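Okay, so chain A shows up in both of these, paired with chain B first and chain C after.
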Partner chain A sequence: MKLKKAIACVGAAVLLVAVTACGDKGGPAEIDDPKPTSGAAGETAKPKVNMTIMGEFASSNLSETDKLLVQSIEEATNTAIKFDIPPSTGYTERLQLSLTTGDLADVVWFPSPDDASFLKAVKDGVIIPIDEYLNEADNIQNYSYDISWDALRVNGDDKVYGIPRTTVIRSDGYWFRKDWLDKLNIQIPDNNEITFDQMLDIMTKFSKEDPDGNGKHDTYGYGWAAQPDKSIRPVFQNELGLYGWQESDGGEYKYMNPQYDLNSDKYTKALELTAKLFKEGVIDPDGPTLDGGKVLEQFQSGKTGVIDGFAGHYETFLNAGKQINPEFELAYVFVKNEQGEMKGLGQGTGLWGFWAVTSSASDPQRVVDVFDYMLSDEGWDSIYTGIEGHDYKVENNQRVYSATPLETFVRKNMVRRANDFMFFINPAMSEELKQKLVPNIEKAVKRIVMSKDRNYTPAIAKTPPYLDFNKKFSEVTTKIIIGDAQSSEYKEVLQDWNTKFGQTYLKEMNDYIDQIENKK
Partner chain B sequence: MRKRIELFDIAVYLIVSVICMVMLYPLLNVAAVSISSHTAYMQNPMRIWPSDITFDAYKDILSHPVLARSYLNTIMITISGVAIGIFLYIITAYPLSKVHLKGRAIMINLVIFTMLFNGGLIPNFYLIRSLGMVDTLAALVFPTLFSAFSLILMINFMQNIPEELEEAAKIDGASEPYILFKIVVPLSMPIIATLTLFAAVGYWNSFFSAIIYIRSVENWPLMLFLREVIEGAKMLQISAGGNNAEIGNMNVMPETLKYATIMIVILPILSVYPFLQRYFVKGIMLGSVKG
Partner chain C sequence: MNNGKASSVWLYMRKNKWLYLLLIPGFLYLFIFKYVPMFGIIIAFQDFNLIKGITGSDWIGFENFRYLFQSDDFFMILRNSLVISFYQVLFGFPAPILLAILLNEIRSLLFKKFAQTVLYLPHFISWVVIAGIVINMLSPSSGWVNRLIVDFGGEPIHFLLKPEYFRTILISAEIWKELGWGTIIYLAALTTIDPSFYEAATIDGANRLQKIWYISLPSIASTIIIILILRVGSILDIGFEQIFLLYNPATYKVADVFETYTYRVGLLEGRLAFTAAVGLFKSVVGLIMIVLANRIARLFGKSLW
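Showing the complex of A and B:
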C-alpha cells in the first residue's frame, strides 16, 4: 500500500510539473490583442507589425496607465507591441544571454554606448545601424541632443546604432532644511543663490548648532554618498571650478581635466576641503558607505541638513519628510563658484541609456516609427499627461487630472525630449507650485558647462593594467578624505600614472575632443 | 560530583554567545523593523526592539499581487522538484549500490564527470528552449532535479545496508521493486530526509534560473520577487548613474516593506529548520565513512 502511495505521490508531482509546464505563458506585460487600428494618417495603410521591446523598468508588470499608453501607440502606429521586462536585478544577465543565443527582441535597451556587450553586438551584426530609418523620424531627430548621436556612432563607420533615451542635461542645486535655516535665523536670498562661503558657514552651523533642537550633537551639514563603484570623490566640485575636460590655460595638452593635471592644484584643493569637512564632522561621516537612497533617508530623518538633488522632486521629498517630522520644510538653493559665477558641470551625452534595433527586427523602420510617434506632439502628450478617462478628465474644456499617478513604469521611461524639463513636473501640480519649481529647474539647465570628453573612454583605460592602476586613485582619494593620507600623495600617484599611462591617455583624449570640437 | 567551571568554559560560552548575537542581530533587526512604523525605522534603522508597532507593512506586502503567485510557484517547484528528485535518486542509487552490477564503474564515473564538467549556461539555455520549457515552471524544476553529489551520498548509504536482508527477502520470493520499496527505502529514511532537505532548501532559495528562463511575472519564484523588492530600486539607481531626476522617478519601496517581505519569505524555512538541521549534519557524515 505504501509503495502505491509513494508512486502516486511521484506521479502527482510529475503531473503538477506537466501542468505548470504547459500552463498559460501569457503575462500582463503582453498586449497581444490590440483594438482595431484607427490611428495616425499614413500608418493605417501599412500592414500590422508585431514587435517586442526589451527594457529595464521599475516593474516587470505594466501598470494600467502603461497598458493604456501602449494601446494608444499600437492604434496610432498599427502595431502589436509586446514588452519583455526582465527583473531589474537580472537585466544584464538576460540581455547578455539574449545577445549570445539570438533569442532577441526587436529592440533592446542598453545602459550606455560604452557597454561591452553592446559594442560586441554591433561588431557581430546583432545590432543594426538605423541611419536610413531615421530619415523620416523627424521627431527623434528634433528632440535628441546632437551629442547623443555622436555617442551612438560606435563602429567607426559613422553610422548610428541606437535611438536615444534622452535625459535633460542639468547641473542640480541643493535641498536645504528650511525649518533648520529658520531656527538658526539664516536668510536665503530671493533668487536662491548663495556664495560658497555662505554654504560652508550654513553647513557648519547645521552640524554644530543643534538645528533640530534636540540638545544632542547628532546632525551633519551635508549628506553625500559613495559612487556606484563604491569609490568616493571630493564634494563641491562645481563650486571649486572642477568642470571636467576643458580647454587648458597652456601646457602640453590643449584640453585638460584638473583631476589629471600635474600642474594644477584645483583637484588636490577639493580633496583637502573634503578631508577638512570630514574631519570636522560637517559632512556625514557615514557618507563613504551610503548609496543615494540612504542619503535621502538620512536627510528626511533629520541627520543631515543639505543634499544635492533635482528641484522637481519637491512634493515627493516634502511629503516624505513631513511624515517623519511635521515641521520639515524645504528650500532649494544654488551655490555660486569661488568666482561668484552660477556654473555647474554638465556631464555625459544627454543619454539615459538608449534603444538598439536588433537584426531580429521584422521591420526596423516600423520600430523607429513607433519611437518617433512617442516623441510626436500627440504621443508626447499621452506620455506626459496620460490617457483621457484614466489619468485625466476633460471638464469645461479643461483637463482635470486624477491623483498623482505613481505607477508610470513604462509610460514615463520610454523616451524624453531634450531640454523639456517640464516633463518632470507633475501636470496636476498647482500653478503656484509650478512657479516655485520651474525657475530652479530652468536655472539647473542653463548653468551647465559641458565637459568636453562626452563620456569618451580612451582605449588604454580599458586595458587590465590600467584598470588595476585605477584602484590606486580610489585608494589614495579615500585615504586623503578620511584623513589617513596627505593630499600630496594624490600627486605622487598622478605622477606615477602619468609615467605609465598618462601620456597615451591624455593624447587619445585630446585627439578625440579635437575631432569633436572641429566637427562643430 | 559537581563539575568545576573552568576559565576555558567561560571563554567558550562567551565566544559562542558573541557569535550567536552576531548571527541573531540581523534577524532581530529585520523582525523589529518589519513591525515598526516607517518613522520609527528612520529614527533608528539599527533597532532590535520594535517601536510604534504597526502591521501595515505586512498588510501592504500581503496584498501585493505578485507575492501570492510567487509563493505558490515556489511551493509547486519545491514539492515537485523534491518528489521527482528523490524518486530518481532512489531508483538510480539502488542498482548502483550493487557492486556486482555490470558497467557500474562506468556509470558512476559518468555521474562523477558531471560534478566536474557541465555544458554551461548557454548550452543549458538552448536545451531548455528546445524542450519548449522557457517561461514555464518546468524550467525551474528539471535542470536542478538531479545532483551527482546527492546521488553518491545515497549510493554510499545503500551500500551499508546489509546484503543479508535483501537475500532473505529474495528467498521469500520478493521481487526487486518490492525489495527496493519495502526494505531498502524504509531503511534509507535518514538519507532520504537529508536529501529532501538539501533539495527543498535549494529549490526554495533559487532565483538565478528564473532570471534566465522565466519571461512572465506570473512564473516568478518567491526568491526572485524578494530580490526585486530588496535590490530592484538599487539596480535602477545604478543604471541612472548620478542623474537625480531619473533616480527620483523610480518606485522605491519603503524599508519596512522590504523587511516584512524578508520575514514572510524566510518564515517557512525558519519554522522547519530547527527541527531538521540535524539532518544537514548527518547528511554530510552519512556514507562518508565506511567501516
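Showing the complex of A and C:
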C-alpha cells in the first residue's frame, strides 16, 4: 500500500512538473553581471538604464566577442543590456506573440517596414515614433541612407518609426565556377563584365556540355530558389531592365513599375525567358522547391555553375567548395543589361531590417543613444575590429588580428554604416585578397539604380482584400515559369488587379513618389 | 437521500484517492492550456488592438466571419480541408488497424518487437526532415523516383509542382509517418481479447481470416468507433507543418487549407482577430461533426457518450 502511495505521489509530482515545464518560457540570452560603468563622463552622469533588445541572430547565445562588445557598450552608455534572441526559424511567430501579449522588449527588430505586424503595431501605438530622440543622434543620422528614413515613415504622419539597421546598398554580380569555365575554354574579360547573351551562352554550356566531366547530364547553368513566401520570380531582372519604379515613357502615370504596367511587356518577357530556361533545363529544375540556403549547397556541390551573390563571400564560398571538390575555383562576374549598360537594381532602401522602439521602453532616448554609440567612431571600431585582447592584440603599435574565425553573431549584425563596404572585408584579410575583392564590391555599389518607391506600401495594399488578392500574382507567376500557364495569364490577373485595386494603388504610389522627388 | 448519495460518492473518491491525485496534472493541463486560452476567442468579434488588448478593443460583431464567408478563398480552403481530411480518414484511418491485425498475427515475438520498433520510428522524425526526404526523393534532377522514370524512357516529373500529385504525396507521407504509431492503441485492444475465443474457433475449424473477421475485428470495434468519432471531430484539422513544408503557389488550389491560410493571414499579415474567427469556425464545425458522428455510432450501439 505504501509503495502504491509513493508511486502515485511520485507520478503526480512528475506530471505536475511536466505541466509546469510546458508553460515555462525560454529565457533570453543574458549578459551576466554587467560590470560597473566607467564610460564617458557625459553618459555616466545619466542614471543607469536597463534595456532589453529582441533581435534575430544566427545564434540564441552570445559568443565571447559578442559579450565583450555588449560589455563595452554598457560601460560607455551606462546601461545594462539584455538580449532576447528567439531561434531564428521561429522569430516571426515569437515577435507576433510578444506584440499580442504586450510582453515587449524595449527595442525589437523587424525585417522590413512593410511587415504587416509592424504596420499594425505602429497603428496600434505599440511602436513609437523616434523623431525627437534622433535630434542628438548625429551618428545614426550621418550613417543612414536618406531613403531609409523615407521607408521608415510608415504612418502617414511624417514620423520615423525605427532605427535603420543599415546595409550597404549594392547590386551584386554572379559567382561562376571558374574551373568549369576553364574546362570549357571560356574566357572572362579582365574587367569581369560580360553581356547578357554571353551569360545565356555560358549557362547553356554549363548545363549541356558536361563541365564537371563526369559523363552525366547532371549539371545546370544557374542556381535559384523560391522566395521566403514560396513564390518564384523571373530571373535576371537586372539584365532585362526591370528596375522597379521609374519614370514612365508616357501613359497615364508618371511613375510606373513594369510589373504593374498593362501596356508594357517587359515583365511578361522576363517570365517567358525564365520559363524557357526552366523548360530547357538551363536553370536548376529544383529551384521552385528550394529555399535560399540550398542554392549555395547546390553550387558548392557542383550541381549548378552560376549563382548570384555578394563578392565579399569569396573566402567562405571557396573554402566550402574546395572541401567538396579540391578543383573548385571561383570567378566573380558582372552581366551588362540588354543595352550593354552596367546597371543593377539597388536592393531595398538601405535597410537590412530595422530596430523599432516599443511603448514598453523605459527610456526611449537612451535606447536611441545606445544605437548612436554603436555607430560612433569608438563604437564602430569595436564592432568592425572587435575587442583588444580577444579579437586582436597590439604589437609594435600594430593590430594583430586573431586568425581563428570568430562567431560575431551580434557584434557584426546590430548596425552598419551606409556606403562603408569595407565592413565586409575581414580586417585580418591579406592585402592581396583585399585587392581582389574590393573592386568587385565597389562596382556592385557604384552600378546601382534605385527604385523610386522606397519600399512604400500604399494604404490600399494593407487592406485584407488586397492582401488576399496578392496570392494570385504568386500563383500565376509560378505557373507560367513552370510551364503550366501562358504568359498572357499574368496580364489577365494584372487586369483583374487593376480593376479592383490598381487604379488606387498606382495613384497613391505616384503621389508618394512625386512628393519625395519634389523634396529633393 | 441526497446526503446518502453524496457520502457514497465521497467514500468512492476517498477509496480511489490516489487515482484522483494522478488526475490532477491532466486536469491542470486541460484547464491552463485549453480552457483559459478559450477566453481569447472573443477577439474574433473585435477589431483587435494590440495596446487596448482583449478587454479594450472595439467590438465589430460578426464582421470577421462575414469577411471569411465572402472571401474568394473560403470555399477553396473549405473544399481542400474537407477533401484532404476525407482522404486522411479513407486511407489513413484503416491502415493502422490492418497493420495492428497483421502484427497481432505474428508468432515470433522477437520479429514482432523488431517490426514494431521499426514501424514506430518514423513517428519520431519531425516533418521538416520528412519533407526534406520527400523533396529529395521526388527531385526532378536527382530524386530516385525520377531517375527510375528516366531509366524507363520517361521525362522527369516535377511532382511537387503538379496539383494532381499533391494530395497523394501528402497522404502517403502522413501514412508512412504515423502508421506504426497508430497501431499502438489497436494492439492494446487486441491483447484484451480472451484467447479462449480463438481456441474455440480453431476447434470449430475457423481459418486465420475467419478468426480475424469474426473475433478480432468485432472485439476491437468499440475502440475503432471511439477513435473514428474523435477523428471526425477534428475533420478540419489537417495539420500545418506537412502541408506548409510541401506546398507552393503552383499547388495552392489543392493544398491551401485552414492551417496554412491562418498562418499567412494571421501571422504574416498580422490579422489576429480574423484568424481567431477562422479558428472558432473550425471548432464549431468540429463540434457539430463529433455530435453527428456520435449519433450515427449510437445507431450501431457503439456511441462515445
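Here is the rule we go by: the second predicted complex is superposed on the first by the 477 of 520 C-alpha atoms of A that agree within 3 Å, B and C clash if a C-alpha of one lies under 4 Å from a C-alpha of the other, contacts with A are read in each partner's own complex, and residues count from 1 in each chain.
Note that in this section a contact is a pair of C-beta atoms (placed from the backbone, for glycine too) under 8 Å apart; a residue touches a chain by one contact, two chains touch by 3 or more.
No experiment lies behind these values; they were computed from the predicted model shown.
Chain A has more of its residues touched by B than by the other of chain B and chain C. In the superposition on chain A, A:S301 contacts chain B only, with no contact to chain C.
Residue contacts after overlaying the shared chain place A:E247 against neither chain B nor chain C.
When the shared chain is aligned, chain B comes close enough to touch A:D172, but chain C does not. Applying the stated contact rule after C-alpha superposition, one finds that A:D124 touches chain C and leaves chain B untouched. Residue contacts after overlaying the shared chain place A:D197 against neither chain B nor chain C.
In the superposition on chain A, A:D511 contacts neither chain B nor chain C. Look at A:H313: by the touch rule set out above, it reaches chain B but stays clear of chain C. Residue contacts after overlaying the shared chain place A:T100 against chain B and chain C alike. Shared interface residues of chain A (contacting chain B in one complex, chain C in the other): 9, 12, 16, 18, 22-23, 93, 100.
Note for the complex: chain A touches chain C at residues 4-5, 8-9, 11-12, 15-16, 18-19, 22-23, 92-93, 96, 99-100, 102, 116-117, 119-121, 124-126, 218, 220, 226, 229-232, 284-286, 288-289, 303, 359, 464, 467-468, 471, 474-475, 477-479, 482, 484.
In the complex of the two chains, the chain A residues touching chain B come out as 2-3, 6, 9-10, 12-14, 16-18, 20-30, 56, 58-61, 84, 86-91, 93-94, 97, 100-101, 103, 111, 167-168, 170, 172, 227-228, 291-293, 297, 300-301, 308-310, 312-313, 316, 323-324, 347-348, 352-353, 406-407, 409, 412-413, 424. Chain contact summary for the complex, chain B toward chain A: residues 38-39, 42-43, 45, 65-66, 73, 76, 79-80, 83-84, 87, 121-122, 125-126, 129, 133, 135-138, 141-142, 177-178, 181-182, 185, 208, 211-212, 215-220, 224, 227-228, 231-252, 255.
The touching residues of chain C, counted against chain A in their complex, run 18-19, 21-22, 24-26, 28-29, 32-33, 49-53, 67, 71-73, 135, 139-142, 156, 158, 160-162, 247-250, 252-253, 264-272, 274.
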